[in-house]
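What follows is chain A paired twice: with chain B in the first complex and chain C in the second.
And then the complex of A and B:
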């Protein structure tokens, strides 16, 4: 803010006072507006999750209750959470591995081939997810793929553009000489892969894995269309709570349950990344 | 097959198989050639069935266009504020980036709690008489605001990731030379941000165009955008609805691909335009920091 207020206007030009104060007020107004824009939608979620009774004109809940949060540890919600976590981790592993392999392969291919294959890998971004799932569903059903595996396959396709792109970017600045040095020093191919390549690409692996995890963790439409309500993940529970009237407390509590794990994961990854970067 | 092709094969084959099968199945089912039960019978009825398809496409385009415009404007404001307002700006940029992992379903629920008739915003404002209906209206206000809220954070992140290094230096230089914050935002940051804004805008448009959760939870029952219509018809007990569901899905694919084609073309022109101007700009770039450095040294 000080940077905004400083400058020639303050240094003695004889502008009218109104203009000067407007110049100081405007950034504050803009900053406040942006802060409200970013945070306001999260306030009712936080309040409803601990509200007991909260009728119309009251700005704050009239009574507080931990009931909605307690339902989060009910067997039904816990099982749904486990299913969502399994889906997230599954997509993270398959999406990251396939994306990394593809990015490595594309780098070594002739330019035209690499371009065409890269284009194919980005194609799922252009297809609205519901359209992709509806068509793929028929094939997966007739091939008798189990529901969980079918959802996992489709979500991996959705995640691949992101993971492949992440590795493509990371490999652009990757220094292959580290691997050469390790090999000349007598490291086995496995050792080079684990101790050099995986270590150097750890940030990209973390980033790609996190994005792919989010695709699986937060998916709604693929699970609805393929699972047909059988695969009860957290988004399924949230979807039905949010679409029923009077479900405010449960909606808010389930929302928190969906936001918290990725945020915790992100913080852990960020801290781990900082430790990796800090000098010994 | 080379080793490189073998490495890329699993991912590429998976995408080709799932995408190819999905599009082919959708096309065949939309034409009645792959019915769930009974004999296949060619029919274009699902494609020519009155104005429902056109109306849904119009609703989807309206939601995507307004959401994208709002997200780009607010996202640019967040980025510009982050680049010109010091610590406060960086705080807002960080808070905004922290909302990115929030799923759209959660955000839709949150916007619902905020904007319904007796929702949190109405209560904050003291339940005024004229508080407009925002959820479930023909204007799709709540759904558009949900998209704009989530995607403005994405736009800001893309813009800051793309230009923060060059823009911070140039903006600081301009400030030293006496440019006001408004001048820096309009004449330094906005020209630099045009390409990242275009890229982010295209991504946001295609995403919001094909998104289901927000219009389903926050929109009116009718008219439906393509996504809501397709999912409703797909889940219908009436098996005759299946061709219509697939025709609706393919319409959304066609429009999304066309928009991406046009968008990429436009972005290429934009990139060429800014590259043509860049020799002059890079000259300025190299001059400005040196003048600042000499100024700081004196």
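And then the complex of A and C:
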């Protein structure tokens, strides 16, 4: 009798336990699969960067060499890296500030006007980059805008849809009463901006800044068309190496050099976006 | 720390909508006034005007007699607490409470030392290092209260601060407010739609409806002597008995009820609270009326009994509600007697 009575209870407890273990295991399996999906293509790149000789069908390089990695610290590559970093940071700062202003401005408008302007802001995503750059190039050349500034301006326009969208999403759930409370606690408008608004929007700032950095850091088409080959950035060197026969080793090393800074920046921004801070 | 607050002929419009209409109200130093009204009555708008977060379309806000209407919120020295605690999620509990001191230019150490005193005041001293996300709803509201108090405000403004808390936590917060009033004697303006909360916390209640103050009076008086049927209803009064005042008494199906001497003669609504009416038995000596029970609605420790009174000659039938302790052995259709517990009734002329 007792065995019968306890039967259903035991069966009942097994099912939730099985479901619980599945709920625990599934995210780990999917997460691992995703990680492999992202990291696996980097394995051949990493191997190519130190390969002296690697011919099919060999699974691993037949000879090893650090020549390509040594090239990364050559003056030409370092200067290109600095130009790319300057472009990335420049686009990150201007794109993030303008994206924030655009999103705040949209919130002030009536719904219909906000929708129209929101569509215009997103328009650069719909226009082929080539067409956008060619059109802007004529305008910037006639205005005699210096090359670096011209590239920066066009890339900022390209980044604006991403940054504005990030802030638009963040502001949708932003509670303005935080700022009202801060004001009643004696915070001036500047302190409200620095100690409350920027702090509460830190994750959005980090995301927008990162996306804008990527636009500037990894751009090729705009730099080629507007820079006319004068502005040598890392993607330009990478494109050049990739189009050269037998340039796989350098291509792989430059690819790694392209990947490393955004990953480091992503980690730093993720930490900044998450941590708590005292009002300064 | 505390000051008096006055609204002088405050009016406000949102577009074409008049949300506040000629509000004049004084909150004496160290007192607590509840602004009671339904959603859209304008009570929160009035609070925002008091805080300096909204400029009124017309009128003036005075603190200790000084016109502060043009003063920005950050300079008005008021503490504001909303229904949501709105603790800054990027700051620890102690840094939330220290926020006002930091904005005033104090060092971090000094601000935190002062903040800990206010956290002790709300009995959360040991939670100083926690982040807001690690607190319960009640604890968050306590921290929000400590943060508002740490501003050392001249006026403490509470905008439905406890309506998101469960009943037990609300009772705890009421005790806490009592304790803080004893210790700091702050001037408080409380916005609420909960008449019970208003009655527990406030010294006086100002009833707002459609942007106007219908009545402002001490808690007991506004309950038993409402200025109008609207005030009576907003304060939960269920009874409006039409009749005629003559020779110092109100005559209606409820019987002859003595009224104050200065009550104007003529048609008038008697508004006895349901708590003031009592069911009587056949052998009850008190004067009263007879009627038929139409509804018995148990509500925990109390029940609400509705009785349709027998009309006199030329009188329309009237149903009154009586709140009784426990659940009476009555059913709809039973005969019942009704009498007013007090000596004097309250009548609003028709």
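We take it that the second predicted complex is superposed on the first by the 226 of 280 C-alpha atoms of A that agree within 3 Å, B and C clash if a C-alpha of one lies under 4 Å from a C-alpha of the other, contacts with A are read in each partner's own complex, and residues count from 1 in each chain.
Here is the rule we use: a residue touches a chain if its C-beta (ideal position, glycine included) is under 8 Å from a C-beta of that chain, and two chains touch if they have at least 3 such contacts.
Not measured: the values here are computed from a predicted model.
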Chain B versus chain C as contact partner of A:262, first or second or both or neither: first
Contacts for A:180 in the overlay, against chain B (first) and chain C (second): which applies, first, second, both or neither? second
| task | Check whether A:200 is in contact with chain B, with chain C, with both or with neither, and answer first, second, both or neither. | result | second
Original post:
Which holds for A:154: it touches chain B only (first), chain C only (second), both, or neither?
Top reply: first
TODO: Kindly classify A:63 by the partners it touches after superposition: chain B alone (first), chain C alone (second), both, or neither?
DONE: neither
Of the two partners chain B and chain C, more of chain A gets touched by chain B
Would you sort A:34 into first (chain B), second (chain C), both or neither based on which partner it touches? first
The shared contact residues of chain A with chain B and chain C are none
In their shared complex, chain A is touched by residues of chain B numbered 2-12, 14-16, 18-19, 21-26, 29, 34, 74, 77-78, 81, 84-89, 92, 95-96, 98-99, 101-114, 118-121, 123-124, 126-127, 149, 152-153, 175, 178-181, 203, 206, 209-213, 216-217, 226-227, 230-231, 234-235, 245-246, 249-250, 252-253, 256-257, 260
Per the touch rule above, chain C residues touching chain A in the complex are 48, 51-53, 72-76, 78-80, 82, 84, 86, 88-92, 95, 99-100, 102-104, 108, 131, 147-148, 151, 153, 157
Residue positions on chain A within touch of chain C in the complex are 175, 177-178, 180-188, 191, 195-196, 199-200, 202, 275-279
So, in the complex, the side of chain A touching chain B is made of residues 1-4, 6-9, 23, 27, 30-31, 34-35, 37-45, 47-48, 56-59, 98-99, 101-102, 104-109, 113, 117, 120-121, 123-136, 138-139, 153-154, 156-157, 160, 164, 214, 217-218, 220-221, 224-225, 228, 235, 238-239, 241-243, 248, 251-252, 255, 258-259, 262-263, 266
